Amino acid sequence: MQKAGLLLGLCARTWKSVRMASSAVARRNPLENKVALVTASTDGIGFAIARRLAQDGAHVVVSSRKQQNVDRAVATLHGEGLSVTGTVCHVGKGEDRERLVATILDINVKATALMTKAVVPEMEKRGGGSVVIVASVGAYRPFPGLGPYNVCKTALLGLTKNLALELAQRNIRVNCLAPGLIKTNFSRMLWDDQARLESLKATMQIKRIGKPEDCAGIVSFLCSEDASYITGETVVVAGGMPSRL
Amino acid sequence: MQKAGLLLGLCARTWKSVRMASSAVARRNPLENKVALVTASTDGIGFAIARRLAQDGAHVVVSSRKQQNVDRAVATLHGEGLSVTGTVCHVGKGEDRERLVATILDINVKATALMTKAVVPEMEKRGGGSVVIVASVGAYRPFPGLGPYNVCKTALLGLTKNLALELAQRNIRVNCLAPGLIKTNFSRMLWDDQARLESLKATMQIKRIGKPEDCAGIVSFLCSEDASYITGETVVVAGGMPSRL
Amino acid sequence: MQKAGLLLGLCARTWKSVRMASSAVARRNPLENKVALVTASTDGIGFAIARRLAQDGAHVVVSSRKQQNVDRAVATLHGEGLSVTGTVCHVGKGEDRERLVATILDINVKATALMTKAVVPEMEKRGGGSVVIVASVGAYRPFPGLGPYNVCKTALLGLTKNLALELAQRNIRVNCLAPGLIKTNFSRMLWDDQARLESLKATMQIKRIGKPEDCAGIVSFLCSEDASYITGETVVVAGGMPSRL
Amino acid sequence: MQKAGLLLGLCARTWKSVRMASSAVARRNPLENKVALVTASTDGIGFAIARRLAQDGAHVVVSSRKQQNVDRAVATLHGEGLSVTGTVCHVGKGEDRERLVATILDINVKATALMTKAVVPEMEKRGGGSVVIVASVGAYRPFPGLGPYNVCKTALLGLTKNLALELAQRNIRVNCLAPGLIKTNFSRMLWDDQARLESLKATMQIKRIGKPEDCAGIVSFLCSEDASYITGETVVVAGGMPSRL
């Protein structure tokens, strides 16, 4: 289970050619000269993604709703020699309503759409960019008891296709990551109860709960030149949980 | 393109057995003793569905936001000897905001969810029921220029799966209809322009725009006992437009 | 689990108009004046489909590989006052090889393709027709231990889309039924073992194994004029087992 | 359009930890100490994949049906300082029958299944492995006029899910690549005709035909430790052609 993490990889197309991008040298820092804004990135999957993008050469903007969480994440990543900046960013309206359908829709779907559109002009100036939306395997097959969450994630699959269509002519690609059961604080209710965890594991082919790091590589990949012919697609990272054909 | 029509077929399980339901006699009035509430049903697809359900034996409640439209639809169907009642029902908040993401999400997704839940207690009293949500083929492959509409329709695919899961133990089935390009007032912008119509037709295998009646039979079917083992599914009625595997 | 049942509904377009087809009179015998060829139809799902099409007014050709099975099925349906004929038809090559990938592919996919093409000229003479291919929910999410069966069923989803594309201009619609776990002799290995049955039931939302009759209504529907704008689609009848979005 | 390329990435699990695999050092040669067998790899997409895997540190076995093609490919890659070996490998039976349904099924589906199973024991000895099957976007939405090809590619989507299920407990992951229109000799008939090319481009969001290299990065990624929680999935690389939700 994931918060509505949205990744906006601002791509400076400074590479001389695809050929060069494909060379071993380029791949050492596949995201060099790029700026990545990662929302909800002080913890869990978002944090793992932020760290990975920075390791791969991007300058990363870490963002979340609470100053202290932002500060802690930035300090940790600075301590690893990575290039990051932090910013507080409210994409929702109030924690008290977070469990209501309305707010979940707001935060997940509307905020993702609005945030993407807000960054488009900057991406255009740089000659293009890459957006990776974080949905969930619950978008395909509902997690029981999490209706509004699941429905929003399904909506994000559609948002991915629609933004890909709208932004293609501006050289902006839009793809989506659908994680399965990943061990984060946010998903604790799913894995803390042993019985529930076992019933979820029974639907996996790789018999372990995922780690946030399992989600980071694919995001880096989707932001890189290697993915330059991929748009509108969703990649599922769920240990083989039932998703779609 | 369709308004967020939601069909709630309230099923009185008065049939003695599936066997009887399968007999020729039962099929003459497959929806006898059922009450169907059809929202957004004074025109277009909703109206065709309402008429068909009444022809198949149900008592139909026609509903829309404007009294005069409700009155006109009820008069028409009464004139055909059908059993209908009308009611005005505001599921949205203001026409002026209808084109905004927020309101489209509200009307399409939240209203559908809330309306379904409102009817559940009545369905339970009757021993079960059937809900048919109306999405769109745009849920699978976006109609250009209709982003918020498309995304809401995608969300409805997820809502269908989630409501099916939540309501199964109450003997309520939840399915979904995804129409393609159907000739209604609501979709006029898609078929009124000849160039746009031709480009859409090129993606169809059956080379004609659909009629509202093309959507009515499947809804009646999904509400009938013949569909008693079908839940959580979406049926596409789109003349072979690209949808999914 | 189903044998590769293929239904070929030969439609004589004798109805005067869709309007008339939609009237209550037409719906009493929605398949009147049609001839339906149902392969693998002496038992299980195929038999239930054959009976239902005959009850709905079609003349049905019952077919299978063994004369005695054909005779028995024809006698049963005659005894119910239905209009049927029987014919022996080998669509495969040898039972001894049935469990091999090659033969399963042969029987399921190639035979379905060849059989459909063999009937096309006759359908064209009559002005059009309807084909319903029988796949399985295993096409979307594999039944464990049934690899070749599952893969063939996946191939049938593609065959449906391809035949729909090829045959649309001849007024032939091609759709597909994907049953879940249906209680037939063929699927006995899946439901005879109580532990396996319970583990499959855990994935259903409607907590019962399906009956062959649960699959018959949708086939009759897909062959009727009510489905005249539906082609290339698959309808899942699986009590809410995980399928696809 | 692609030949039935099958990639078998034999993974020697020599990395000490995921942590190390995630480090910048490991990512310079993400496939170090691995052996990759790439079938149909002397040209087009297969060749681009073979080159990329070698650049990423794997020892690559180049394979095809003709000795001279194998020799040429090996010489080219040796000339780039890459570690490759060549071997002739007949996975089909006769070019004369290649366009028939039967043979296409044989070569694409059966050969892929048999080849995978042949390599499993070797993978097990090494502690696990990764298989990447090459399907096509035609698996989801048929290329007109290429029915048997499309159907086989659909079958490969199912084969991916089934092999993933069967091989998970042996620590072997199975995923799939579905390329769109890629400029190769094999797909010449689709892009050589300007009218056909334009009609295909109209369905893309990124308005160019793909290059074989566009397909190589994702294969390297799926074979790497970064993808260790991904199995049974298909990634579409098609410039946004309609695929699935």
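By letter and in written order, the chains are A, B, C and D; residue numbering begins at 1 in each of them.
As a working rule, a residue touches a chain if its C-beta (ideal position, glycine included) is under 8 Å from a C-beta of that chain, and two chains touch if they have at least 3 such contacts.
In this text the structure is predicted, and so the values were computed from the model without any measurement.
In this assembly, the chain whose C-alpha centre lies farthest from subunit C is A. Two copies of one sequence, subunit A and subunit C, touch each other mainly through matching residues, since over half of the numbers at the interface are common to both.
Subunit C and subunit D have centres, each the mean of its CA atoms, that are 34 Å apart. The distance from the centre of subunit A to the centre of subunit C, with each centre set as the mean of the Cα atoms, comes to 43 Å. Taking the mean of the C-alpha atoms as each chain's centre, subunit A and subunit D sit 26 Å apart. Counting only residues that touch two or more partner chains, subunit C has 139, 141, 154, 157-158, 161, 165, 244-245.
Touching subunit D in their complex are the following residues of subunit C: 101-102, 105-106, 109-110, 113, 139, 141-142, 144, 147, 150-155, 157-159, 161-163, 165-166, 245. Those residues of subunit A that touch subunit C in the complex are listed here as 139-141, 154, 157, 242, 244-245. By the touch rule above, subunit C contacts subunit B in their complex via residues 18, 22-24, 27-28, 52, 55-56, 157-158, 161, 164-165, 168-169, 173, 180, 205-207, 210-211, 213-218, 221, 224, 226-240, 243-245.
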